[in-house]
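Naming follows writing order (A, B, C, D and E), and every chain is counted from residue 1.
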């Protein structure tokens, strides 16, 4: 673990423990995510990966421990505040606004970067028109970035799963996060879609957004990630580059089971 | 006994099973292993009637069972020990067992006898028989889940991830129970992430990867197969010459 | 006022509070049974009570049935209404989402109410008490013999329900459905039939409550909504799905209502129960006896 | 005779089909992922194993794999596992193309030896037997293949290999061999040797003879049985598919049981590729179901035979193939060696710079197969001087022998004396006892 | 607002505009103007409810209560304190909004059944209060002597004037709502309806928005209540009971929950059904309401608008040419 990088980490997890009733989903996870990397989180079923994401994004409050972003404590804040501070996420099971169009989905995600309220929109106050225009333009840019511009006017629920997953990413990016959490982005995708996804994730990092992803597709993980955090039974098991992780005896053990 | 033929299953719009075939012969223990998301649980849910397959057939003792309701499938003789145990947490241990014997509810005597048998097998459950099942430890819950499934006197016992979320020591205990069941001549379909433990006790095994069977064979031979590792750890674990 | 009469008053309010409280508890039991198995709140629960009372009055008045026989006939008839409701409406609408289900049960409730109005008109109906004789005086407070019947019947219902859920395979199977419907199917329990049974059972219990209170408080077509609402209050306050909790919470509501009527204003007695309901929903939606942990996992 | 793996060999047809389907699925998924050749082929015909294989019949949508495909992938391109997992490599016998290289993982070897154990058991071998393996050991699959299978059974193996017939006989006498494994023609060579050495075959311990490696006839079987006092069973193996153990006769002697739990067999019309009905004669096409290192999908063996589906009294439920009738392509098998007559022309051409008119003739000389090459003598080839002619013939012989591994007999014939069909000389004439 | 809305706007506007002119030609139906005034008033309530339920996905069984609060506030202030109706209306609106705000904070944390029950309970409590506070509200016998409305110093007495006044307000409200739903706020509301967790994760303060739209619906109901008061000039609690909440729900559902146009359509339709045509079946009324509600909920959850064939061509919002990069 590279705790000496203290000041630089974009995200710091300090001794995160999460208990549900008698079950401990996370136990004392301490970790730091440096900026501008693709950080993978892997581990067998029930290792606590998604719980970790929930703790970071504010959907769950860790039982104890502290989540800091750029040195500021963020656990305890409601999820929309955390998003406004620059952490966006996608969901394991696609959580799009299905009856809204693709474009509207992304436009919605401009929410934390815009301001008009009921009165401003209802009475079409002057600032609101230009803001609305700007929302539409930047949303289109994000669709362009992920390559969904042609589907902008389709209802999100009618897209094939592959595109829905991409749309989720576009939506997360539209909040202009500094850190984006992708929860199993490749789940249910076919090989070609997975490859394109990998490409997209790389481009996201190149834009200067740190990517943290939970994924089961090891091919993808090994190919794109810069660092991997392995969780096992809610504990931190190993950390390292893909190459290190691949040959890590404890990891192989965790995945294949006890001798 | 059980034959699954080229089954395709969709979860929403995810093509979760892409033509999976497998079979279990009487008295056999068959392991189904694979990483997360490989489709293991989907197979279980398809066999047990919780999901209808889009294509393909499932036969149990020569009768097609695809598309039957789960309760009917239990009646036909397939009992499931579901993933995450799924015991009735707010019922007592004893009631859980009684519910396991629901299909034999009219044969009160048999249910009592079976219950005694389960208590003999797992004395800890007898001690806890009046407790709410939710208060049991993980390992005890798993024992209860197994006993509950056995209460229906199944011809085929399907265990879905019995080791999930249990500490290694308990996992060993659970596997020794499965081993014991196997020695008694029960027919078992064992779905596991813990490949090593599962293959050690299985007669045969299937390795699942992204909804497909990529490897099948005898348990101990699969055990040393590098492809098994590959299925868990990705391409890097076994670089292919022409890749 | 002397100390003496104050004590008498308190006793009197307690008795009448408990009497209605027990009725609320029985309505709450109905909610609990259906909720337990389906996680549906049946907004028509109160109408079952109304139907029970009116059917009994009808059987007595029109056919001249003896009261005890009318009791069972009314319970049976109302149970059939519950059956029809589940079989032909709820079962078809199970997958339409919470909002639709709410509206559907509300729709059923006003249809039942409308039908009752057509059938029986807007006049209140009464029943003869189950047993004759004047009020029994206890420490200066009057106790209607019918109140004893109410206590008796509800005690019996609670006892039978307890036995049913503790002892019978079907009762346990229903509990199992409530606990984990998926796992229940996997052990071979026909969940659909259990749902049907839950509607029949809760309709029957509601009807029983309706029959026993009619001799005291009469019954008219539009009583259902308020009884349902208060019963729901008892169910929530006691912790949804908790039978014993419902009983205690029902008693609390009844007492609160009765004391409010006695000391504050009889007009607001209905509001008191509702305020308690709101307070419970706002501050302790898992109820007094419900476990916080379990409540977190349920869908509200 | 005991059946080696009764749970496999006697499983019901229904169950067997399930087995085949499952294994086929796994195999296709794996070759699709791991072997670029198959991936390409599958894609060409728009076949995705995960979607398009729902029953065994769907296999018919896939293209055939030919021996040429295999040689083109020389050496390792068609392997489906990394080389470090391959524990044995065999290579098919000399042909004019690249050799066909096949590999085996540890598991493949285990499977192979149990398959051989099955056919040996079917042919009468038990752990009490002393088994003399007169197949060539080496790069070819025959010797080692039988060897491991025999060891698996627990029999005592004498790895005598082929040749030095006198010594074979001596060993047979002294070591009290009870089983002989050899090509049918070599079995008869041994019989001749016994006569020559005045050894009474009745005094040998020999009880069974396991034959394989070349097309032969029922008459030859009868002759071997009468002369060696043994029971002879026919067997079929091909390196690209596995080696010996692919199919083997039981003591009922009425066709070779294909090991259908491991191989899926089809009979096709060699010309059109159409699937033929059971009983019809055609080319045998095999798909391996469990092989890991070198799976083949719809491999055209080039061997003509028919599939027999009637139940066999021995209790094995596997279908049988009838005797291999002949090769259907221009590959000629002589002494168990595949020869492409066209390539012989290439060699002859190298010697004098011009392609002579020639013909290969397979003859049975006594009990030995012989390759005879008849070359029409033209101006260039005509030498007055016997010595120079001798040198030329010797040159041809060595050159060809070096290439194909057996020494041919070279016969110079007069120009125009080779039989022509439509003005073209047939490159190969089989003068061994033609099969009925 | 997009092209479709503008076209509808013109069409409906024209219809509403000429309706009295046409109807008044025929004596037999001339009282339809009166019915349409009620329809307009109820439309205001239903617009709010449609925003709350159809767009933000929050059920409310308390709309009649807010309607009543607005009505009684206006009624009491004008009849007892002699306030000008136009001054009383904002007070009623403010009262209704504050009550909604206070009750909304704890209520809107609830979902589904609990939310329905809580709002229902609240509605009943308000109804009880209206019936019990005899000193203020007149109790069950109601409030009388409420002045009518005057505009520019002249009392509005003519039905046709009332008609245009009410529908003018309805159209203003409609424009407001249409603007809202086709904007940042509207998207947030729809997002809350569909995937509340995801909306929260996309930075939408869901609790605040739910509360705001709840208050908005209460404001609309209160305005409607105030208009109602001054139109009928007498009040009694029976107009604000549970059945009315259910009626509002039904109006929105029949028209189509997810369309403001549908809300108005459903309201007009059901007002006619209730005030006119059902009078014949008087006693069947409740039963028929129940039946309609059941049928709509089970078979036409999208309401009447879902039966109208889709507007030709997909809706095309202009999409600007994208430049490179994110923003």
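Convention: a contact is a pair of C-beta atoms (placed from the backbone, for glycine too) under 8 Å apart; a residue touches a chain by one contact, two chains touch by 3 or more.
From a predicted model like this one, the values you see are computed outputs, not experimental measurements.
Common neighbours of chain A and chain E: there are none.
Graph distance from chain B to chain C, where chains that touch are one step apart, equals 1.
When the C-beta contacts at A-B and at C-E are tallied, the pair with the greater total is C-E. In this assembly, D is the chain whose CA centroid lies farthest from the centroid of chain E.
With respect to chain A, maximal separation of chain centres occurs for D (centres as means of Cα atoms). Measuring from the average of all protein CA coordinates, the nearest chain centre is that of B. Each chain gets one centre point, the mean of its Cα atoms, and the points for chain C and chain D are 85 Å apart. Centres computed as Cα averages put chain C at a distance of 33 Å from chain E. One inter-chain figure worth recording: chain D and chain E are separated by 88 Å, centre to centre, where each centre is the mean of the chain's CA atoms.
The complete set of chain-chain contacts reads A-B, A-E, B-C, B-D, C-E. Of all residues in chain A, those touching chain B in their complex are 23, 44-46, 160-161, 184, 187-188, 190, 216-219, 221-222, 233, 242-243, 246, 251-252, 255-259.
Note for the complex: chain C touches chain B at residues 169, 172-173, 175-176, 178-180, 182-191, 294. Considering their complex, residues 11-16, 35-37, 161, 163-165, 167-168, 171-172, 192-198, 228-229, 232-237 of chain B touch chain A.
Residues of chain E touching chain A in their complex: 176-177, 179-180, 183-188, 190-191, 194-195, 197-207, 212-213, 216, 314-327.
The part of chain B that touches chain D in the complex is made up of residues 3, 5-6, 8, 18-23, 25, 55-56, 206-207, 209, 211-217, 221, 224-227, 238-243.
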